[in-house]
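Below: one structure in structure tokens.
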Amino acid sequence: MTRPFRIQQNAREGSLLVNMGPSHPATHGAVRIMLELDGERILNSEIEVGYLHRAFEKTCENRTYFNLLIYTDRLNYVSPLINNHGYALAMEKLLGIDVPERAKLIRVLLSELSRVSDHLTCLAAMAMECGAFTVFLYNMKAREFLWDVIEQTTGARMTTNFIRIGGVRADLHPGFKEATAAGLRETRAVLKDVHGLLDKNKIFLSRTRDVGVMSRENALNWGWTGPALRSTGIAYDVRKAFPFGAYDRFEFEVPVGERGDNFDRYMVRMREMEQSLRIIEQVVPLFERSCPRVAAAGLEPAAAVKASRSRRQEATVKLSPNLEGAERSVQSEILSSDRRYVMPAKEEAYTSIEGLIAHFKYFMTGHGIRPPKGDVYSAVEGGNGELGYYIVSDGTDRPYRLHLRGPCLPLLASLEELIRGRLVADIIPTFGSMNIILGELDR
Amino acid sequence: MEEKSDVLSDLAARVPGAVLETSAPLGDLTIVIRPESLFEVAAALKDGPGGFATLLDLTCVDFPDRPDRFEMVYHFFALSGLRRLRVKLRLPASEPAVASLTPLWKIADWMEREAYDLFGVTFIGHPYLRRLFMNEEFVGHPLRKDYPWRKRQPVIPLRTP
Amino acid sequence: MELVFVFLIVGLLGVLLLSMNALLGPRRRVTPVKQSPFECGSPPLQEGMPSFPLKYSLVAFIFLLFDVEVVFFFPWALVFKEMRATALVVMLAYAGILAAGFAYAWKKGALKWD
Amino acid sequence: MGLNPFQAAWFTTTLNSMLGWGRKYSVFHYPYVTACCGMEYMSAACAHFDIDRFGFGWTRFTPRQSDLLLVVGTICQKQAPILRTVYEQMCEPKWVIAFGACAVSGGIYDNYAVVQGVDRVIPVDVFIPGCPPRPEMVLDSLVKLQKKIQKTDQDWRWKKKATS
């Protein structure tokens, strides 16, 4: 039998020990909360994690820098593009390369879309667990529209690995403006409804107001970052504190709560969604100026195939800029110009021997991206807080060590303190408002 | 960077002889300290003018070929000055042990349990040093370089489909 | 005569309902794990159940008491029209005694929760 | 002993198909959600793609009341005994769907921590490939499960124990 847990060792006589186990709807699937109860009051609790420990860091030590991009999607799987962005920035800091203008704008657009869908999912789960099932359905509907924009450009709804080292995989889809406008309109409508449903809702207020209160010093001591820290009143946002990518170009506020309880965490996330929508609105018009020609001139692909059946075609084929690595002209705007660390454009790879060798060496084991020896720490504002990558490289094409600073670990570690002495029903909103994502906590 | 020097000078004043090297690779201020002086350095950083109120991250890197095998890496963050500091210390391979920071920061509890679980570094003074991620009966520490990548230790006998 | 039919139908219905489970149900595979309580899948932390705090059962008794009291209001309400004054006096006495009991329970702290 | 009416093939087959028809349109499922596929399960279960149209609407979070165990996401070694207990505490007849590449075969996580496929822990009826699978694939797998439910015949209590 396993060694008894701390909660079993010093459990008081006659108190009920119960599991709020890994497969509980409120614990998002893989956290085991062991409770010592006197009736409904929680005397003591202990949290056991590790049910979703998928050996991310060990796997990264055996993958090349390019291949482990897919694992970064699955860390905070509610906002995957922000993880990609974090990893790409860390690598660019290590390699010392810069990213062209348009790639930075695309990264900001997709990261903010991903952040809004992260907050929508978190608040949906929290509201549903407090009984407001309508909010869950509304948020999921709005999220579908945002995922349409992401899917249109990156090809996948969630696990995109679209933001690469040195830029982005391909240009935006020509129809991204209408899709983004639809997404924004839908999300704004849902936000207005949810404000109406929850803000002054007596049940929701009594479940969340002054429940799970955290003071500022305590939050800093616990290492809290992100919306949870901002709900206690400290305006620390990595996008403002250490501006990365193109974030210093857009003006947006950092919403702050005052009491640090569940309701403030809910309100900070709602305000933050509006700020992210504001950023998206500021980004979209910038795309025209940076690359006026959306689709390259030339023959439609289908027409080109049909025409080439009868006789050889000389005209260039008009490819959608959203196609991966198409022409050198599109490539130069979305990927950095440093040839050593960037995949050559398909046009070069298929027409010149140098391009072919560059393409081959880029993906050949032992030859791909080989950063200089050294270590780097770079952080990004994830959905739940500061998402930091600490990469130690030893010059080969595989990271010697890759550690992720997950913002959810401090949040869950402090849960024991937040719920001691409260009722069992208070665990659910506290756990929900902190948005514990096991992918980045257990790694 | 002028404020870099005042953090180090204050540190040298409070804990003489602790800091072995200082460097700033890629702009991140890094200091390497002697393992025994970790607690004093951490306390000095927390209460000192630098105001490093948050222990951002604590992790371990395994260098099997070096005499001092385990390198513990601490990241501190000062909210007031918006500064980050990386503190490194090296532990011998035989029995890697270092002072626990739980009296100073509550989050150190879980981060140290994770380092103990995945690397086998013991923390003196830790209230409840137990595996955080792997299950109790797991043998070995998976993130060490000598642990094979796919060596599975199933908790229950698995059935062949 | 029709009494026989009534008993016949009721009896048949009863037997049918009782045997429905055996007739249509699948074969039950009873394993020790299936018998153990469901604790979100994880092994239970303690053997058996400790005694429940008394306040739960106390609230249940009090509720039962006043719920049964309310049942007697229904026939009283039906017949109230015919016997107007006497019905009122009788019911007031009946409700008064029970209200006294309720006040006693309240003052004794039976309803105090935590 | 002679062929009593209950043993007659005609009687049991109609009863089987009647039961199958009744069961397949009201399946209560237990979403055993652990990882990223949970996000895709949410969008499949909600208004846009809506598994309720196929009768799978009622999510029951207790194995006692559910017929279908929907294993969504990565199952780690530490999670395997939990999954086995939940599966055994479900009442017959019960079905299992492995949702997503990690549940089907361990997916991209071939390392010391992940069970390489849920069928190493419990018997699985329908596998859904994809990481995460698109909601349409989820709906398609539900229809496949309904065909399977229609065809599974009931092991009647009063019938001789044909199989072991």
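We just call them A, B, C and D in the order they show up, numbering each chain from 1.
In this section, contacts are C-beta pairs under 8 Å (C-beta built on N, C-alpha and C of every residue); 3 or more make two chains touch, one makes a residue touch a chain.
These figures come from a predicted structure and were not determined experimentally.
J.: Quick check: more C-beta contact pairs at C-D or at A-B?
T.: Looking at contacts between chains, A-B has the larger number.
J.: Please identify the chain with the largest separation between its CA centroid and the CA centroid of chain C.
T.: Farthest by centroid: B.
J.: Just curious, how far off is chain D from chain C if you go by their C-alpha centres, in Å?
T.: From the centre of chain C to the centre of chain D is 37 Å.
J.: Round to the nearest whole Å and give the separation of the Cα centres of chain A and chain B.
T.: Distance between chain centres: 26 Å.
J.: So how far apart, in whole Å, are chain A and chain D when each is placed at the average of its C-alpha atoms?
T.: 31
J.: How many angstrom lie between the centres of chain A and chain C, each centre taken as the mean Cα position?
T.: Here chain A and chain C have centroids separated by 51 Å.
J.: If I count partner chains per residue in chain C, which residues reach a count of at least 2?
T.: Residues 40-42.
J.: Spell out, as numbers or ranges, the residues of chain B touching 2 or more other chains.
T.: Chain B, residues with two or more chain partners: 134-135, 142, 147, 149.
J.: At least two partner chains per residue is the criterion; list those residues in chain D.
T.: 78, 81-83, 86, 111-113
J.: Chain pairs in touch?
T.: A-B, A-C, A-D, B-D, C-D
J.: Would you pull the chain A residues touching chain B in the complex into a rising list?
T.: It is residues 2-3, 6, 49-50, 53, 55, 57-59, 61-62, 93-94, 96, 217, 220-223, 225, 234, 236, 241-242, 374-377, 386, 388, 390, 392, 400-401, 403, 405, 409-410, 413-414, 417, 442 of chain A that touch chain B.
J.: Would you pull the chain B residues touching chain D in the complex into a rising list?
T.: The contact residues of chain B facing chain D are 134-135, 142, 147-156, 158-161.
J.: For the complex, give me every residue of chain D touching chain C.
T.: Answer in residue numbers: 15, 19, 62-64, 81-83, 85-86, 88-89, 92-93, 154-158, 161.
J.: Sort out for me which residues of chain D touch chain B in the complex.
T.: Going by the criterion above, the answer is residues 77-78, 80-81, 84, 110-113, 115, 117, 119-121, 123-124.
J.: Spell out the part of chain C that touches chain D in their complex, as residue ranges.
T.: The touching residues are 22-29, 31, 33-34, 36, 38, 40-43.
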